[in-house]
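Note that the chains take the letters A, B, C and D in the order they are written out, and that residue 1 is the start of every chain.
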Amino acid sequence: MDSESQFGYVLNRRDDVWVAEYSAMAGPCEVHMATDRQSEADRLASLALSETRRIEQKFSRYRDDNIVHQINSSNGEPVAVDDETARLLEYAKQVHALSEGQFDITSGVLRRAWVFRGEVVVPDREFIDELLERVGWERVTWDGSSLTMAPGMEIDFGGIGKEYAVDKVAGMLFEQSGLSLMVNFGGDIRTIVAEGSARSWLVGIEDPSVVKGLSGSSAVGHAELTNGAIATSGDTNRFCIVDGKRLGHILNPKTGWPVAGAPRTVTVITSTCVEAGFLATMAVLSGAGAEAFLQAQGVKYHVIW
Amino acid sequence: MKRIILLMITALIVAASLALGGCSHVGVKVWEHDILAKPEMQLDAGANDRALDDHIYFSKEASSGGRGFAGGGCGCN
Amino acid sequence: MRLQLRKVAFIKPAVAALAAALLGGQALPATGQDNVETSLLLYSEKDRVEAAEGIVNVGKMLKGDRTLNLRLTYDALSGASPSGATPSSRVQTFTSPSGRGSYTINPGETPLDNTFHDTRFAGDITFGQPVGRMSALSLGAHLSSEHDYFSAGFNAGMTRDFNQRNTTVGLSGSVSFDNINPEGGVPTALAVMPGVGATLPREGSSDSKSTFDLVAGVSQILDRKTIVRFNYSFSHASGYLTDPYKIVSVVEPESSADAGEPVRYLYESRPDSRTKHALYGQIRRYIAGSTIDLSYRHFWDDWGVTSNTIELFYRQKLPGGHALQPHVRWYHQSAADFHRVYLLDGAPTPEHASADYRLARFDGLTLGLTYSLPIGENMHLNITPEFYTQRGDSSPPEAFGVLRQYDLFPDMDVIMVRAGFSYGF
Amino acid sequence: MIVSTSRAAGLVLLLSLSLFVSPAFSSDPPETLADVDSVLASNGELDGKVVLVDFWASWCVPCRISFPWMKSLAERYGEQGFVVVAVNVDKDHNSAVEFLKQSDPPFTIIYDSTGSLAEKYGLEAMPTSFVYGRDGKLRSQHQGFHGEDTSKFETQIAELLRKEAKK
């Protein structure tokens, strides 16, 4: 682990690609690069690491030195934001409208009322109702460059940030190198294939028997991607049991409750990780209608109930 | 000599005015720039060579100037 | 479980678009809008100046169709240049410009100042910006530096397309501020050149000039294969316009036994302002794979110089992307009003006088041939041997006495080779 | 000196003349896809689709730059009913074919070497593209290709696909 401590990442040769591994965004991160040159892989790995760390530090809700903290502690005062944050907030606003309020970056405070460790819990309905007073993008004033929120409200890029980082890192590395590459942050994946290259990326998928709509995928258990992305919403290990029913950790911002009858996880394959992540979350929020939702979108997907 | 020069200039101005007057057969449509878009039809083609020339003539002759900006090209937007 | 009462929204295209907007769109591939061009020139005048000049030009397309162009020029020259003095039947001794040395010229030879050497470094930068769909603005600056000369300037220009982009009208202006620091100081106009070691007649150590230039023009597409352009350019310079290294011989009058022999030498003197005009017309036409380009320039100024230049290029395409381009340029200029081959001893000294051959009446002819070849994807190489000659009046009517025996405008023959490399990416 | 003054005056006059020349060629582009349809003899293949009619030429650099982007649009939105009809206006058919060989886009190509379709659309710039909604009506036109506008353009196409999704 010498090289890890020195550079922050480990570089290994796997088949015909270099793979950089590091820990960030609360999990393992991998960057696969189709090059023979270790020096190039090294350069790209350090770029990837610094960009990942930059995004993590900027948009993490666990820090007290970033824009998210500034907004969340603004106490009703307007906060002017930089271009990148503005683009994310604009995106959040648009997907909030598109999801008819089901996808809401102000819903993070609701998590205080819930514990998802597989335990039987008795939710505190009064506390949830109290928290709901502090949730809702419609209560936010956003003019495209500054944001004003009622005291007690919080934003959280949890449902966007990691996917954004995956696409951003992949895009940046490709711009820098023109190489075919794959970025995988704990199962959220973006693949790029250089123009003229015949390469495709094989991505293993859990529980292949349920993979639907993977055209020509005779290689069981794998999805073959050229330019594409995979994102998963839900977590088989994060649930609680209420009245004997298993509830996953995705909360409906309108009720403050986990979505009933939702799949444990939804994996979506489409062109960007941001898009895949949002569609996967929307599928979980659709509860029992998850598959109907995904079929209507015409995307490739994988659901674990 | 002066008279010839004046005659030439008059001819040039008349030609230019005709061209600018919007005679319908002068000029081409934007989708007909295939030849005008060729590198060798760019009026500023070989700018380095012309700059070298101009520098020599500037330092060896009493005249300078004349060439200006270019036009034409692919008509692309 | 599939039964849904609510209609399921089809949101994927919108999500894809939002994601694309968030991620800043698709990275677009490079497509030859950026370029690098380098040129090298080797220049050799027979028995006189030798020079080498290199240019690197980088053009870059920026966001929003803005353009940036950077050009760096370096040149070095050395050798001998005619000082302006007339030949004599005796050995002539001249004080070098610094006043610290001297050089001698053998009888009958054209006096050349062989202390001539210099290096120049110049850079210019131009920024272009579209204004609406039909216009473009450009702004630029330049710097140029030699050991005895410094120039800095700015320029701005505007072009506008009309007539479905068949007509382009342009106007550009530039100002330049120059400072000259001649070796040994700025000579007093028409003062006598002293002997070695004597105090030089000096106005000061440096002087300056400023120049204002304006070009107005129009280019017009005539048909699918023909484009013409016309420009009018105006230039006004004021300040120190004299060449501090040039001198004029004062010779014995015709009545003297030594008629035409030099008595002394004066530092030359030119007016402190000059206004130049030029009209330029050019036509380029494509003929079955070849290109023909004909241009004409008429130039006149208030120093009495009038010149006409005709230039013809013919580019013949060869198989495989190769091309041959022969080139002819013919030039003729009249002499400046104050051009004198010599001044007469005893006659009143005029206000301005210069014996600089470049202000004399002469013809110039250039013949060149460019061969260009592709050497890779978007890469071109070209090489141009060129011959340039100046022919003036070797025995002008004002020659008398001993001057009649000598060549008062020796032919200047120059061999040049230019090599250029261009790469678009 | 008088001579020079009059020469300069003549030129100034000429320049000012040119400022008043108006673009006499412009005309309104067709409101429907009828012209494109008739060239394609498409038997209703474009019905109910969002159609991008793009005029391009192999000699036009911005056109060439736009191809990878249009290709990716066609690939990503094809399933939702998005179609690109690329109208080539090269006079030299071979140059177009040569470029298409390298780029190989999944578009319908119309070769309009005589410019008759371009004339009907009254093009004023290269490239120019026209977007038709699923009802076959002209929704917008875009002149030139500017990298920074692509996401706006794409959003618009996606909106048309979504808002008018097949009932």
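The definition used in the following text is that a contact is a pair of C-beta atoms (placed from the backbone, for glycine too) under 8 Å apart; a residue touches a chain by one contact, two chains touch by 3 or more.
Everything quoted here is computed from the prediction, not taken from an experiment.
The chain pair B-C and the chain pair B-D differ in C-beta contact count, and the higher one is B-C. A straight line joining the Cα centres of chain B and chain C is 18 Å long. Taking each chain's centre as the mean of its C-alpha atoms, chain A lies 58 Å from chain B. Mean C-alpha position of chain B lies 29 Å from that of chain D. Between chain A and chain D the centroid-to-centroid distance comes to 38 Å (mean Cα coordinates, whole Å). Along chain D, residues 7, 11, 14, 18, 21, 24-25, 61, 68, 76, 80, 124-125, 143-144 each make contact with two or more other chains. Taken residue by residue, chain B touches two or more other chains at 9, 13, 16, 20, 22, 29-30, 32-34, 38, 75, 77, whereas all remaining positions touch fewer.
Those residues of chain C in touch with two or more other chains are numbered 10-12, 14, 16, 18, 20-21, 24, 29, 133, 163-165, 167, 216, 218, 230, 279. Taken as a graph of touching chains, this assembly fits none of the simple shapes: it is neither a line, a ring, a star nor a complete graph.
Counting only pairs that meet the touch rule, the chains in contact are A-C, A-D, B-C, B-D, C-D.
Chain C makes touch with chain D in their complex at residues 10-14, 16-18, 20-21, 24-26, 28-29, 31-33, 63-65, 133, 162-165, 167, 169, 171, 216, 218, 230, 232, 234, 277, 279, 300, 302. Listed in rising order, the residues of chain D touching chain A in the complex are 68, 76, 79-80.
Taken in their complex, chain A has these residues touching chain D: 195, 271, 298. Listed in rising order, the residues of chain C touching chain B in the complex are 37-39, 41, 43, 53, 55, 57, 71, 73, 75, 133, 157, 159, 161, 163-168, 170, 172, 213, 215-225, 227-231, 233, 235, 276, 278-282, 284, 286, 291, 296-299, 301, 303, 305, 307-309, 315, 323, 331, 333, 336, 358-359, 364, 370, 382, 384, 388, 390, 412, 414, 416, 418, 420. Residues of chain D that touch chain C in their complex: 1, 4, 7-8, 11-12, 14-15, 18-19, 21, 23-26, 61, 64-65, 68-69, 72, 76-77, 80, 124-125, 143-144, 146-148, 150-152, 154-155, 157-159, 161-162, 165.
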